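You will see chain A twice below: alongside chain B first, and alongside chain C after that.
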Partner chain A sequence: MPETARGGGAAGGAPGAARPGGGGANGGTARVTPKDFDSEHRPTWCPGCGDYAILTAIKKTLADLGIAPHQVMIISGIGCGSKLPDYIHANGFMTIHGRPLAVATGFRLANPEMTVLVVDGDGDAYGIGGNHFIHTCRRNINLTHIVQNNQIYALTKGQYSPTSEQGFVTTTSPDGAPERPVLPTALAFAAGATFIARAFAGRPQHMVEVMKEAVRHPGYALVDVMQPCVTFNKLNTYEWYDQRAYDAAAEPGYDPADPVQAWERVNQWGDRIPIGILYRTVRPTYEEGVRALQRHGPPARWTERDLPGEVWDAMVEAFT
Partner chain B sequence: MERGRVLEATEVYARVREVAGHGSDEEAAGVVRRVLRSLARSVPGHLCGRLAQGLPAELAVELEDACGGDPLVEAQGFIGPLVNVMDVEAGYDQSLGGLDLSAVYADDDASRWVRAVFAVLKEAVDAPTRDEIERHLPGEVAGWWREAGGEGA
Partner chain C sequence: MTPATVDLTVTIGGDAGQGIESSGTAFARALMRAGWHIFTMVDYRSRIRGGHNFYQIRVSDRPLYSHSDPVHLLLAMTEETLKIHLDNLAPGAAVIYDEGFKRVDRAEIEAAGVLAFPAPLSRLAARHGSKVMMNTAALGAAAGLLGVDLEPIASVIHDNFGRKGSRVAEANQEVLREARDWAAAELARREGGQAGGNGQDGQAPSAFRYRLGPRGPVTGRRMAIHGNHALALGAVAGGCRFAAAYPMTPGTSLFEFLTAHSHRTGVVTKHAEDEIAAMCMVVGAAHAGARALTTTSGGGFSLMVEALGMAGMVELPVVIVVAQRGGPSTGLPTRTEQGDLLFAVHASQGEFPRIVLAPGTIEDCFEAGWRAFNLAESFQCPVIILTDQYLASSLRDLPAGALDRRGVVIDRGPVLTASDLDALAEPYLRFRDTPSGVSPRAIPGHPKGVYALTTDEHDEESHITEEIGSRVQQMAKRMRKLDSAAAAMRGPRWYGPPDAEVTLICWGSLYGPCRDAVDRAAAAGRSVNMLHFSDLWPLPEDEVNMALAMVNRAVAVEQNYSGQFARLLRMVTGFEVEATLNKFDGRQFTPGEILEGLEEAVGAHA
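On to the complex of A and B.
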């Protein structure tokens, strides 16, 4: 029996309500397995890349939650990791650089029954897409944002990114990156995110548990994954992360709902880096505040009767 | 291949260096340590313990911390820490033309290095433990373990 996924917000129901269906999220039909998400395309990532573990963890997460391939939309941007929708058998949408959260917002409003994952890298999410990141946190749109944070632009062969360490030498920072890096967990907290977590690609089983909680969360959920770039980042290696990462949940008095504790945790980076759920609270989602959705249901559910004749005819003409 | 005496760490490095073609014992030592840590992430604690008993103390310590046997560690995750410290090679980028930095050739080296370490480690455990370890290794890494010590290791 699969574990229960968070609600997608069926038409006529609360957007945060439980997903319809009997046994599992896929309506109690066949058991979903990670293999159901296997794609015919072989990843072109470098050998040993942390993205492989993230791909595996996403498949396992969805299978464990009983979400079938047709029930999930994976939206990405541009970057090594953003090629992921090609490597997983599910609905996918590869957008332009930095825009997956904007596209995902539109998608959620059009079809809130689907589970939506946004998967992109640190450059895409926190650099060119930084504006969308802040406002998605603030709006609390019901989606899961998995950021493959390797602290470098890898697809373009090694330029420093918004999360690169100060002083990091790259092709675009020959004297060392002059600026302080973005700390995405702190930025997300300040922007009003309701679920903030970090995982490490070198601990895939733990990453799956974090991702499951993120997908279950009713609202925007950030999972910032420390993902070693084996080729272009020789500073933040598997070992570097492994020596610093500790499970926040194992700390005495751990309470992810306590904002004071959380503020300390989301700001911690350096010799010790917390992984796991750093902060979690519940607030109404953006979808719940969109009155048109409550009045008319999502566009994916509209029929001929819901639209003026000329609008329906125009849509039929456009899409047939 | 049966268990013999516990090798000195320097002997382990020298043997790995010889088979893998490393430039120095220091380089071989780094490879041995990283392979042991990857093993510790993949293989359950009791097997790490048995393997540690057959290793010199300075190598056995690498198996202590991470033992837990994460079933989701795959071949790519196993070699990741190794590839992370390899030199980037220049390859021909067929999509854009010209030379380009790429790690695409690193997996051949990683495979060869891992098998060189495995060949020595297999001598540190008895046959049933060898088989049990193989069952817990991911995908093609299990094949490297099985073949290590034979021809081409």
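On to the complex of A and C.
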């Protein structure tokens, strides 16, 4: 094997890569600032789009946690918001519509030493990728899932989405959206998610605090962000969200670890919509249960010497 | 090749749920340990209980590459087995069945020139504790008729049952021995008694003439292995460290093997929520830098198609094993076919390079298991390994050291090490335009190798663009890799006499049946050879053309309806075969069927 090849694994599991949940994971060296994530590529989003605030919040979250651009992998789907990795200086992967959770799962299992964020739309997460959403919740794999939930299919110019309000008129629902909307927070709870939060793009500082907790959370963390689409969703506007959003943490007796309270909050969607951490519990992560990972280290760090002769011989012996 | 002096087929048949496959596998392994070459074929239906299954074991003193007809010894574990297989028995063949079968017409069996052995199978089994051991009794009786030493069978039973508690193992050994003794005594009684017909003239023969004897001539430690397991071993030896899959016959046993050994090998495996997820997980793992594969069959591969294109667009090395079965749709879930070739070559929208390998033998499967990763990483593209139910599940014997990991070469293609990246003066360009089309890959994690992949068209930096210059450059760069890859592809393999009058053109699992057909043709004085293709896409055109120039009359043999490989060959080279032999009933061609088909297609003189 040529020498260049040997480093393939070494680079993949670069020592000092961010450990999820570990603030100051940058080896204690240079401070990370939001500017480190600036890209020369300007977003092509409409002026006023809620995705700008999400982009800024992600930069600030990572900087505050001391996670540098090379220590994070941002995996997105296809949609307006899923273009985000193109507008930030960090490792990224803009995958295909609805599949970023599955791609991220493979990435995490091959390299559990890097912080993984999945950023995708409501169409990605709750529509075409709904199956992956359910299974990622119950799998409790260690990644942060930020959903740009604008209750519309924006990139395809305004069709109703799984979270559109029933009766919402769009080009594919001229008589009004026929189905009840999905309530992602409740679905995540039912599917066994260990961290369920909601943020609002119109309250950026609060969003950063929620995202930081989500990245720190050991296991799967959902941050469903109410993201106004100023072009195609004239119903769920900044004002619409602002009038309804309230900080769950400010409620008397707030306890996100209490599943009874949490069940009520994850189901609340109407005149009042809770934002903040709605539910949080700790269960072993998926990675912790994968014995091959625990014993042999990240697959990304593979070297030719990894397979001992006696293991090979025993495998072959079984066929004689 | 010197003709075989022994070439027998033993079939064990019964209901699904009766353990037919495990008994057949055990007997095949025992015959291998007794010094015989073996080749097996599994025939079962897509259900867990009920319905006829059978397991066929061909035994010879010469190496075997396929199953064959007719059957010389039938172990009928149900009455239905007798009815189904009676037509396919050789003159003078024997059937062993339970003496308790009520509706068996012994006269009918004997009228067909077959020896009937109603045996105390369930009686012996019950006496030692459980009728479940009926299969063991049948194997014992078979050993008695064939004249095989008991020790190799006893050793396999020990390996299989040893751990389940010694009582079970002991009981099985007793049943085995008593059944063998019963059969040997019965045979001796009949031979000592009347001298009867020879089976040729419709009279019941008195002596069973298809004997193997105590030991075969093959020496040295051997292994019996099927294509899925050989491929799995090759993948492990080649540094596969991640596999994700969703169960689908006949791909499943490969994934199960990787999972069973995961703790020791360090291969992380994930049973995904569906094939879309499995393929996407493999893409994610490949991006992280791991050698990653998925296994499936046509239906699962259909679901993977969009993500296959993703791997093509972002130039990630992934390996997809597609074990074909009868299609379309759910089709013939447990049966064989080569119906997915053109699908594999063209799957997913747009144009991007991919490599398609179709191993023909067990050794090929092992090699494909590691070579696929080298090709995938050298050309940063998906590699599809096309096998099928026949190759995936048929056991063949090899020397124990034949699948040698010391022969495995690892080539990870152009990958930048941490020190390469440290030394970079310019910004890193993930999709730098290069003469070969392959751009050195930085595995994510290094401060100087920060980039974001995108399935949108992109520029050298991997930023989204629709600008004409970048589009044309990147498209040409990607497609150029196909030319680079073609140089790494191998031309077809010849077997048989050079300059034969007729050439069998085949690919994948038909290597075995066609090879055996060539040998039989030679024995019958017919001039036939074989040109077998394993590297199917991209076809190395020069080598293929050179080989085709040496063909006199070409007959394509394929396990599909439309002759997909013949079409592909014509598309790439303009070469027209004279005739095609196609089989799409879900059952693999036997060498005999190929020769018969050949006679129809090009006449008996060939």
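Criterion: the second predicted complex is superposed on the first by the 283 of 320 C-alpha atoms of A that agree within 3 Å, B and C clash if a C-alpha of one lies under 4 Å from a C-alpha of the other, contacts with A are read in each partner's own complex, and residues count from 1 in each chain.
Heads up, the rule we're going with is that a contact is a pair of C-beta atoms (placed from the backbone, for glycine too) under 8 Å apart; a residue touches a chain by one contact, two chains touch by 3 or more.
What you see is a predicted model, and the numbers here were worked out from it, not measured in a lab.
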item	value
Per-residue contact with chain A, leading partner among chain C and chain B	C
Touched partner set for A:G79, first chain B, second chain C, both or neither	neither
Touched partner set for A:R291, first chain B, second chain C, both or neither	second
Partner chain(s) touched by A:P274 [first = chain B, second = chain C, both, neither]	neither
Chain B versus chain C as contact partner of A:G219, first or second or both or neither	neither
First, second, both or neither for A:G66, with chain B first and chain C second	neither
Chain C - residues contacting chain A, complex	221-225, 229, 233, 236-237, 239, 241-242, 244, 261-270, 272-274, 276-277, 280-292, 306-307, 310, 314, 400, 403, 405, 410-421, 440-456, 463-464
Residue ranges of chain A touching chain B (in the complex, touch as defined)	45-50, 52-53, 56-57, 60, 157-158, 201-205, 207-208, 228, 230-232, 234, 237-239, 242
Parts of chain B lying in touch with chain A, wherever the complex brings them together	34, 37, 41, 66, 70-74, 76-77, 79-86, 88, 100-104, 106-107, 110
Contact footprint of chain C on chain A as seen in their complex	1-14, 17, 41, 68-71, 73-75, 78, 83, 85-86, 88-96, 99, 102-111, 113-114, 131-132, 134-135, 290-293, 295-302, 304, 306-307, 311-312, 314-316, 319-320
